[in-house]
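Each of the two complexes below includes chain A, the first together with chain B, the second together with chain C.
Here is the complex of A and B:
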């Protein structure tokens, strides 16, 4: 038995194309954003406790580790936002399904165009 | 040329778990994967079990997962799928495996039957044919090509994880009648597909469109049914 194959009963991974993998990435970034919003609601709500508690919480964010997590956050938000618009167009624009692959390319191009300048600027501030 | 086929074997009468088995066969580059399977079954191991009937891409019996993608074995040429590496052949995913590459198609056909895939008419029966303009016929031409091979439905991640979903093929089957100007059952079919497990389960991964051996734009057909529901 070739070692490259997964053992039974799993079978091989289905080799979907860009449509399937953008869907997978959309789900992963969606769950990621859910947990971010969870933390974000809590830290913002701290201002109800006291402005000092809020400031203390925000102070813990100003570290290089959190700065790197923010890079991941922006990467996820940008992808989720633009792929979300693509999914909306696939369902609501009559020609959407026919041009979904072009729109996938556009999502990646816009993502790179916004993400790369952000990373440069952000890391200059953080480090 | 010699190619290696790595086939996922399963015989529920003798073993509990499926396993991989490799066969080396001599084929022409222009042979189809089905020819290689025939060579194995006829000359090497007669217990290898798979479905095929017409063997020419019309009956839709031999859908299987070849190198990770759903295809018809009778329409896939060996030269088109990198014969230098072992070719993996598995049963289609999401339906119960009965033996080797044969799956139980009943859940798939049950979903198809549930969308009323037949002409529904009202009023008096005309004394002559039910006429239809060329443009009205063109409206649903794409979805008439379906051969019920299940390549689309079993490529759908939603279908793998939720056996209640009608699946792409049933929606294609419904689309063929919903947009037929002679048919009067469209409203009822739309109501069936408006179900929680109906068209709204589609996550537009386009696996079905990529898998269809007939080149039907399956995701587009599903989207047209969604739009018909929104704008009805």
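Here is the complex of A and C:
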């Protein structure tokens, strides 16, 4: 008799709403920023190796491919920054939990308002 | 299945949560960490957005960043301490965030200990290297072509 029962528990993945996805995105962008900081401190430390070493490393940052990665980095920075302020507001503002979804919308609006001008300006400089 | 549920060693009333007093005086270390994430986060928003604006948006942005640009900024103690504050707050904030992720996702004790050892080592290296970079910087190091160095 073919079994209709699943071999493993099904449906255990928590599928939350916007609050869960902002939480997930906050973690992913946080890890991204952690590893960038590690690389950025090392590339900056090259100023004490020699001027040429630093300038050579910085030329890499000005190439189109890395300029696009910087766009991704700033996208992450802006989300992590404003979603972080939303978390602070939820924790410390008496009306925070009531307005947390409104604040999620505000995070997206502010993100677009800052990210779009950044992309235009940065790609104008880098290309 | 259902008959084995009551067989569990966890049967019986759950233990009472420890009272605030039972934890001892002062802030719990995890509470300090929680508070630090929020305080440092608020400061980092201004520090990092200011850093990005000054370095990438003004003038020719990233195109003008080179040894001379760094020398110009670090000639001013304002930017030295801006960068120092950003370095320490971001690295401690990031390390505490990564510690949280390790606790959440690494289930084996040995894996957690290994990852945390790597995390704390990397964080120590970044803090020491970054701090030394800011304060031992020599704009007239060998190979510098800055005009102030030839006078």
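As a working rule, the second predicted complex is superposed on the first by the 114 of 127 C-alpha atoms of A that agree within 3 Å, B and C clash if a C-alpha of one lies under 4 Å from a C-alpha of the other, contacts with A are read in each partner's own complex, and residues count from 1 in each chain.
Here, a residue touches a chain if its C-beta (ideal position, glycine included) is under 8 Å from a C-beta of that chain, and two chains touch if they have at least 3 such contacts.
These numbers come from a predicted model, not from an experiment.
By the touch criterion stated above, A:100 is placed in contact with chain B alone, chain C being left untouched. In the superposition on chain A, contact of A:126 is made with chain C only, not with chain B.
Comparing chain C and chain B on the residues of chain A they touch gives the larger count to C. Once the two complexes are overlaid on the shared chain, A:62 sits against chain C while remaining clear of chain B. By the document's definition of touching, both partners, chain B and chain C, reach A:91.
Legend: residue contacts after superposition of the two complexes on their common chain; A:118 is shown touching chain C, with no touch to chain B. Of the two partner chains placed by the overlay, only chain C lies in contact with A:54; chain B stays clear of it.
Common to the chain B and chain C interfaces on chain A are residues 87, 91-92. On chain B, the positions that touch chain A within their shared complex are 6, 8, 10, 17-22, 65, 67-69, 86, 88, 90, 93, 155, 157, 203-207, 209-210, 217, 219-220, 223, 226-227.
Partner chain B is touched in their complex by these residues of chain A: 1-2, 5, 8-9, 11-20, 23, 87, 90-92, 94, 96-98, 100. By the touch rule above, chain A contacts chain C in their complex via residues 27, 30-31, 33-34, 37-38, 41-42, 44-45, 47-48, 50-52, 54-55, 58, 61-62, 67, 70, 74, 77, 81-82, 84-85, 87-88, 91-92, 118, 121-122, 125-126. Chain C meets chain A in the complex at residues 38, 41-42, 44-45, 48-49, 52, 56-57, 60-63, 65-67, 70, 87, 90-91, 94-95, 97-98, 101, 122, 126, 129-130, 132-133, 136-138, 141-145.
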